[in-house]
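Both complexes shown next keep subunit A, but they swap its partner, so subunit B is in the first and subunit C is in the second.
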Partner chain A sequence: MTSKPVTSKRLLSAPAAPAVKTPCHIHPSAIVADKAQITGAHAVEIGENAVIHPYAKIRAEGGKVVIGNNSMVYERAVVGVAEGGEQDVVIGEGVNIDTGAVIEAKNIGDGSTIEVNAIIGKGTVLGRYCKVASLERVEAGEELEDFMVVYSDGQRRIDKTMKDHPDIREAKRVGQEKSIELMRKMLPNAAAKWM
Partner chain B sequence: MAAAFPYTHYACPCSDLTSTAPSSISKRISNNQPANADLTDDRTFNPHDPRANCALYPLDHLLFCDECDAIRCPKCWTEEIINWYCPTCLFEVPSSAVKSDGNRCSRNCYTCPACTAPLAVAAMPQPAGDYLKPTEPATEAYMLQCGYCDWSSRDLDVLFSKPTKITEQLAKQRKARLGSSGKEASDKDAKPNPVGHDTAFGSLTTFYKAQLSESGDAQNQFANSPYSSPANLQRIMNIYGGLSANTLKKSRETPQPMREARDSNEGFSTYTPDPVEHEATVISKLRSLSWEDTTTTEQRLAAPPNNYSRFADQLWPVATPLRTRKGKRCETCRHLISRPDSKVSHIRYKIRLLAMNNIPRIFMRPLHLPNPPPPNAAFRLRADDAVQAELQPNVAQQYILTIRNPIFETIKVTLATPGTTPGNVASRVTILCPSFPVGPAGDVWDEALSSSTTPASASNDGSRKAAMASLTGKAPEDADRQPEAGKVWDRTRNSTSVIVEIVPGPLKAPPSIVPKTEAELADQALDEDDEVLEVPIYVRAEWETVIDADAFGPGAKDDKHHGRQGEKVTKELAYWCVLGVGKIAE
Partner chain C sequence: MVELEWRVGLDPKLPGSARPELHDTGKPARVCIQLHGLTTSTPPGDFTAIRERVSVIACTVSGNPKICLDLGRLVGGRPREKPLRGDRRTILTLEQDTGNKISRRAVIEGKQNIMLGGKSVVMAGVCLRGDLYRRPDKPAEGEKEGLTTAISIGRASVIATDCTIRPPMRLSRGHMTFYPMRIGDNVFIGPGTHVSSATISSHVHIGANCVLSPFCVIKESCKILPHTVIPPHMIIPPGSVVAGRPAQIVGEVGEGWGQGGPADGEEWVEGGDLRPLVRSIK
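And now, the complex of A and B:
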């Protein structure tokens, strides 16, 4: 059997200590997992009841990152512009960022959902209650209206149900609160590490 | 989606492109055959031929008929429907219900008209009032919700009072909506056709059924079976043997020929052009909306209620079409080669004769893998993530060609390939060892018990080299082995590897001193896909089996097997296959 290169394994076993301590304002009720990564010199603001899962990455190198109340950032999601860019990232309230998503947007509106492995390019502005389905891309600079759904390899539509019926939006908000409560029970809080 | 390099496609011998062996092999086996006048012309398989695509299949698309001992491709088998089922609720629908109700699920399974994902029945959110007060049944409402694109039936303002019998509730709401708009036929918003559509369909169905029974065209209930005698018998019995008034009448009268519908009672409908005002509203609405708000042809054709809808907000949910379970029969000998279980939830097959369990399989990989090795093509997330290195022209590459044997006898394999690949780009291919045996497949324990853990070449002198060899399981001089002509590269229990040297040809002809004419330049222009290096290989396997007496019974008179039980018979299998190696760089 030929030997395989072990470079990928080495990265996980010894996390590099950050050179600069990120100035974080973490709300006392927010939960930030121990294995989450917050890097960068700019400010990071995490709102009330927000949940940051293990191995989520918040890059505040290019600008500050704001995560709104009741939002969740799942595992291996990356929030913040890549190296070399200069831009703040603001995530609204009740926003769900699923596993593996890459968020470099300027602003994500309240109540939006970014599904698994989606890629949101730099400088984009997403409206309220948007939904980006899994593996979709929103190209850099695009602006999505409120209630826009991105699905099926780039197709867009307006979610009329969400738009015309406030009780559906209320149901989504209640659902998000319930998931947050569940995650709070499951994740031990290590926010003190970054305060 | 294009297969990732390197791939192997197998050709079924049914096509005339692939049924002839190359001349080098056929000369050896054609001792008993009459001399053909066209032995001299080129009978190699050209994978760049435009018709070649119809003959090539990946291995998992091919089945094998063990009566004819031949590969069967999708063109060589017939399919029979075993049962019908709904893919969402997995309910098996009897074929009588399919004939009367149609080929869609009638049990709450709908697909989203916007994105074709399955719709779920969702309850409307209740006002978060007192938990002590029981919810009034009047406020309970249900809707169909898409889990992917968030479409819901509320876009159409369709709500249901109970979560079951969605089909009925939908039909009622549709009728109510169209019925009310039908009354105002002169109204601008009315669509003239859909009201007439459903009733016309119903009248036509009854009319044609009546015509069929009157004209004496017997419904062939046994259409599935290859033998028609039970149907003939029944038809004759119906004409002459019945005692009821209907059958006596039929036997007396001559049948009238079938005729078409004549008026709207029978379902006949003429084309009436839409009133001018209706068209004007549609056009003005179209001006204000964007392209995405109109329906596509696929959306319109997906379900009969949607056939005439122009705008995306008029689309009704689509009832899920039923799927079938099919059994496959060899066309020549009518032997069953694939038969799934009749229960829908069981995914095992009763009979499944796959080509991959009966023919030698061929794999190809480069001898020297680039460092770091390229990621496995099966694990890429997006199709455009795959980056494959291109082959440099005129640089010799060596590949390991592995033949794996799935049957339980040792086979003797002969490979043949033209020295230069056919087509516009001539690459030179040399197989260093074209004829070799491959061992039988057997139990895992056979290998463990028969072979030793250290290779034969490791010396037993306790030196460091021998210790390393026993740890890694291979001889120390393996790293510097050079391929030799006529020798097998590697041999395991049921596979053998040989080396193939390939020199990719140049895509463009070298510049010539004499300027070429237009015709010559056009001749040399590359066709599509010419830069893909594909090597056709003719594989011939021979092996000996012992005839199993149990398989044939005492009275078998099969003249293929001349010998009595226990005698050895030589069997042979030959086919073309195409190895896709890579793309040639400019």
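And now, the complex of A and C:
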């Protein structure tokens, strides 16, 4: 960070123009921010009402990436496996992927929440309504049951509240819808850039 | 002819950004500016930006004399007893530099909603989400839009590399809304942390790779050890040392934390005045 002018000023923060145009199927009601980064040669499918924040990275390099309806991918999250790993990443409906999370899972069930800077390894399968707390890791190949919570440096437990009370799940769904409604007002949609 | 454009906020290229706020005493004071016979009196916490070009007729200050000096500098010298004469097109440009250092590789969305106190540092790779601000409910009076601040950072605060600062969001009266976020003075935020707190008071030291979940409140002079995860809505009392996932109070900072000069070879001390650190960051 010097005061001398540097020629490559903003190249490091803005994504370079991709060599291959990613084949994207973005639902018309999805919101993809202008600064989101979608790369890779494989297909990317973004479902209804999904929200992709600026600087979120969807890399369909090792396989296709599917983001379900009503899901939200926050900034700096990385969804998809890198070049070399042959694996699709499928994210279910109503899934919240918080800032900085790295998702290389095979499947993330509906209603799950992956909190800040969590790392989900390759080939993992997360059940429905799972919650992975901040900074946690799910090792490669693991399978999490429905309603599993990963917390406090590697501990696991079942979220009985979610499991036994369908109205709580409904409340979560409504909350997610309201968040999406808010993001629609706050984020200008640039989905046309990738269609 | 000379015109006063009094702008506050994040725009390092523009000279004359200023922030008349009492950071040293912490006491609120009222700033009164008389504009064409109208009085704009605002408590300093809310003093964000006056974007219109107006002529300053007279500046009076009630409260702490320190503010008087600041304004004196702003209007170019001494507090004036006699009003400045001039028509609406007169301009008095403020030549003050706020001293904020913002890296070119910092990623800033919505910079008009971000307030930086003077001499703060935003290092490379930091993501500031100023685009997530609280929309005022009522429509603005006339044509003026309400001032929306998403993130407000105090003086001499340092935000190290690759942090993310995002205002917290929650359900309020049936709708999800973002709430403005306040970061105090002399706050050091370590590299890689995610900050979504409601407030961070002054003289706080936050270690590397922490996660501050939405709506947590961190009071004065706290120390947050690296790799802590602070759960949502947690209130951390002043002077505590916090660690763990989920965070727990593991101790207290001593009496003299932040005081006492830095050791040999160091320029600044944790919890103390961060201005030497700000100066040393190029």
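Criterion: the second predicted complex is superposed on the first by the 181 of 195 C-alpha atoms of A that agree within 3 Å, B and C clash if a C-alpha of one lies under 4 Å from a C-alpha of the other, contacts with A are read in each partner's own complex, and residues count from 1 in each chain.
By our rule, a residue touches a chain if its C-beta (ideal position, glycine included) is under 8 Å from a C-beta of that chain, and two chains touch if they have at least 3 such contacts.
Not measured: the values here are computed from a predicted model.
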- Item | Touching partner for A:T161 - first (subunit B), second (subunit C), both, neither | first
- Query: Between subunit B (first) and subunit C (second), which does A:E170 come into contact with in this model arrangement: first, second, both, or neither?
  - Reply: first
- Task: State whether A:E75 touches subunit B only (first), subunit C only (second), both chains, or neither.
- Result: second
- Query: Can A:S152 be said to touch subunit B (first), subunit C (second), both, or neither?
  - Reply: both
- Query: Does subunit C touch more residues of subunit A than subunit B does, or is it the other way round?
  - Reply: C
- Message: A:N117 in the overlay: touching subunit B, subunit C, both, or neither? Say first, second, both or neither.
- Response: both
- Message: With both complexes overlaid on chain A, does A:A133 touch subunit B (first), subunit C (second), both or neither?
- Response: both
- Please indicate which partner A:L182 is in contact with in the superposed arrangement: first for subunit B, second for subunit C, both, or neither. second
- Message: Considering only the contact definition stated at the top, list the common interface residues of subunit A for subunit B and subunit C.
- Response: 1, 117, 133, 135, 151-152
- Item | Interfacial residue positions of subunit A with respect to subunit B in the complex | 1, 4-5, 117, 131, 133, 135, 149, 151-152, 155-157, 159-162, 164-165, 167-168, 170-171, 174
- Message: Help me check something: in the complex, which residues belonging to subunit B touch subunit A?
- Response: 114-115, 124-125, 127-128, 145, 148-152, 154-155, 292, 312-313, 371-373, 381-382, 472-473
- Note on the structure: Listed in rising order, the residues of subunit A that touch subunit C in the complex are 1-3, 6, 9-10, 12-13, 35, 54-55, 74-76, 99-100, 115-117, 133-135, 151-153, 175, 178-179, 181-182, 185-187
- Query: In their complex, what parts of subunit C are in touch with subunit A?
  - Reply: 101, 103-107, 109, 123-124, 127, 129, 131-133, 135, 164, 166, 169, 171, 175-178, 192, 194, 209, 211, 213, 227, 229, 245-246, 281-282
